[in-house]
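Encoded as structure tokens, here's the structure I'll be asking about.
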Amino acid sequence: MAERYFDVRRQTGFTTVAMICFFLLYLPIATLVVYAFNDNDSVAIWKGFSLRWFYSAWHNGQVIDASIRSFQIATVAAILATIAATMAALATTRTKPYRGLTVKYAFINQPLMVPEIVTAVALLVFFSRVKVWTGYSGLGYLIAAHTAFCIPFAYLPIRARLEGMDLSLETAAADLYANRWNAFRYVTLPLLWPGILAGLMLAFVISLDDVVITEFVKSGGQDTLPTYMLGQLRRIVTPEINAISTVFLLLSIAIVTIFFFVSRKRA
Amino acid sequence: MLEKPDLPAIDVKGVMKVFGTGDSAFAALNDVSVSIRENEFFTLLGPSGCGKTTLLRLIAGFDYPTSGEIRLHGEDIATLPPYKRPVNTVFQSYALFPHMTVGQNIGFGLQMLGRSKAEIEARVDEMLRLVRMEALKNRRTSQISGGQQQRVALARALAPQPKVLLLDEPLSALDYKLRKEMQIELKRLQTETGITFIFVTHDQEEALTMSDRIAVMSAGKILQVGSPWDIYDRPAERFVADFIGETNFLPATLVAMEGGKAKMRLRSGVEIAATVAEGFAPGGEATIVVRPEHAKAVKTGGDLKGQVENVVYFGTDTHIHVRLDDGERFMVRQQNSRSQSCGFEAGDAIGVQIGADAAQVLRD
Amino acid sequence: MASAAEVAESREREDVRRRWLLSAPALLIIFLAGTGPLLIVLVYSFLTPGDYGDVKWQFSTDAWVGVLFERDIFDDTLSLASAHMAIFWRSALLSLATTILTLIFGFPTAYFIATRPESRREVWLFLITIPFWTNLLIRTFAMKEVLRNEGLVNSLLQFLRITDQPIQFMFTDFAVLMGMTYVYLPLMVLPLYASMEKIDFRLVEAGYDLYATRFQVLRRILLPLVKPGVIAGSILVFIPSLGAYVTPRVMGGGTNLMIGNLIELQFGQGRNWPLGASLSITLMAIVMVALLVYVRYAGREGGQHG
């Protein structure tokens, strides 16, 4: 009898399912992108290739407004969240346990643990009061909300980077006459940069993608691109949404690709 | 001996270091006092966990003593942060900054001291010459070998011209051949720079070959301070004698003190003269120590009698393991010659003759 | 002059104080735009609904009773709120089904990636990460493109003459399930991969060597080894599924509600803020319990978090 030989790396059943899985993962995205080039007023039926929906999206003031607003919020929130997360990571790593450390962990990770819809209604309730008290109804609320839920995402890679850092490097800096600030400026910070950059990008993508919290917090006329799209999906959909999605998709892929290479260089 | 008139480079007085509190409290250093002279190559020797690295960290300022004083040229530095102490360290892991070049690493201390660019540049070049690394100035520290990293770490610590250089087992990561080279290199650097070196190691051979003086540590205490010769030939305590080299312990009884030497009677009844550990006045029973190479194996006669248990050939010498008549074990190390064997085989009757100045009475 | 020990102690105190200062901005922001508002929601759940949304400052446990029961308008008797029950039930079932489906697809996929040569694993992993980081709304919308009446699936079915009328997938529980499975699949694959990557695959070979069949190898060797990954992945999929809002809204079309949508309704047309608040706290409590179970399990197993 021929000997049975199993190569564990070739589980054909598993490989087939995995291939189907990858196919199904990209099929809907591909469909969405293809229909963005549909030369038809309704998304329903394929009529022919055209770039007209990209053109129309570009000339849609609401889309441009929402895009700019999305970027404004994501930029400010990501920067604020990354700064706060960097400081928090410095405060919570490489120390023996002290009173309140666990509380800090719980606080920083809190936005990850609470369902988005719950945070969203909580912010709706709170901010609607604040809006009445202060009379202010600008982008500040959205930025504050985004900053809060971006902090844990920015915190993750920064903390990981700090914990992987050799403590003796800072000891060496102190030994070589670097005071606390100089040791941070010349040794810790340069070594921490890849983590901070990764945190910044994560925070940016997370903020850019948010629908639920933005939908509840925004005042009138404060649509971001995702909430604008959510609103449009209720109506009869034209391929314009596909075109916007396609551009958005490309942008996300670009950011993730950069992130991939930055973190690879780090390893 | 003449005392140097100037103050010691480092003076440690009654230092305690306790880690933890309550039941888990652990004294890493227990009332340690030691004076380290200017320009000397001083070694802290002991097994891991004896407190040698803790003492080094206290001198560097990475940790603070629970009590006691640490003086640098007379000034108490125990409370100063590390960046205010004119003391630099060569780390066991080297701790080179991975984001800087070799040159930037070496210049870091001077940069932090606010020296001018020109001065830093000149000093870095000088240091690179000193450690013979001129060609690698602009390399990243990840692109050089372990031995080269070691040299950069040395140059970096020496560049700010510290009053004292601390070396924390710096050679432990190197292979045997490189370690031998670096031992000579370190000694040369110390002589050339004239800086006081405090070297921590658990390797007795390293300590013996490089040091001017050695402090042997165990369980948070310094047991003996002395020249390598003192430590090897005149150990004060059993631990010191045992930790350094191979040795024989013999029980003996004091007969009389004669001119600073003790006359000791061995169990075999033979009486021999022995030096006495510093500051120790033996009375009655005591242990004496005899190095294997200071005893001689003889066919007849000898101070001790016994039977050969085992003969081990080592190339340069031969170890003859003897079971003495009173049951104790004794080892004789005998230089080999090309023409003849050691002349003993297992089972032979053997006599052991102890050299005229071979025995030392231990404190315990 | 202060002794070294006192200096050391004061430096340590100073270090802790500096650490509090450093973490203050993050803690403050999260408190203001997270934890604080959640506490307000807790307070609101014990108040009386206002006439036009908002609340009246009057203590009441009605909102909490209303989570599970409804009061008969005429005789004031309590009965189980069948509408709420249906939604809870649907949420639980759909979340569970999503978890199982992602596990069925995710497990072989993670296994496939983990058994690739090391240099190529990153690329496969990257392919999983891309959808993960692209907008959730866009991915849900993409799924809609596939399932809608004129979509890919229906076109294919009609082309193959399996049906002549398009099948109505959209706005059904099935569509919501498909959407959530699609959207949350990467959340299952990533922790599974993380635990599989560490496996020494010679163990599997040893299993075959000792006469185990494929199924036995899977059940007796692979599954116990990747259990922490399975648990982590299931939690990561189950929790957001339970609180899902966007996917049921787009795929379920306003009729096939889940808890998330029910909560939104209370702040929208229904305008019963206290009820919305108590529903929110309920959802949060369920999620917290799930997380606690996971943390305790992970702690006991000494497994890594996904």
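Some notes on this structure:
For clarity, chains are labelled A, B and C in written order, and residue numbers in each chain start from 1.
Assume a contact is a pair of C-beta atoms (placed from the backbone, for glycine too) under 8 Å apart; a residue touches a chain by one contact, two chains touch by 3 or more.
No experiment lies behind these values; they were computed from the predicted model shown.
Among the other chains, C has the CA centre that is most remote from the centre of chain B.
Taking the mean of all protein Cα atoms as the centre, the chain whose own Cα mean lies nearest is A.
Pairs B-C and A-C differ in how many C-beta pairs touch across them, and the larger number is found at A-C. Rounded to whole angstrom units, the spacing between the C-alpha centres of chain A and chain B is 57. A separation of 61 Å divides the Cα centre of chain B from that of chain C.
Here the spacing of chain A and chain C, counted between their Cα centres, is 17 Å.
In chain B, 81 are the positions where the chain touches two or more neighbouring chains simultaneously. Residues of chain B touching chain A in their complex: 60-62, 81-84, 87-89, 91, 93, 95-99, 108-109, 111-113, 156-157, 160.
Contacts from chain C toward chain A in the complex involve residues 15-16, 18-23, 25-27, 29-38, 40-41, 44, 54, 104-109, 111-113, 115-116, 122, 126-131, 133-139, 141-146, 148-152, 182, 185, 201, 204-205, 208, 214, 239-240, 242-243, 245-246, 249-250, 259-260, 263-264, 267, 273, 276-277, 280-281, 283-284, 287-288, 291. Contact residues on chain B toward chain C in their complex (touch as defined above): 63-68, 70, 78-79, 81.
Against chain B, in their complex, chain A makes its touches with residues 166, 168-169, 171-179, 182-183, 186-187, 190-191.
The touching residues of chain C, when paired with chain B in their complex, are 1-5, 7-8, 11.
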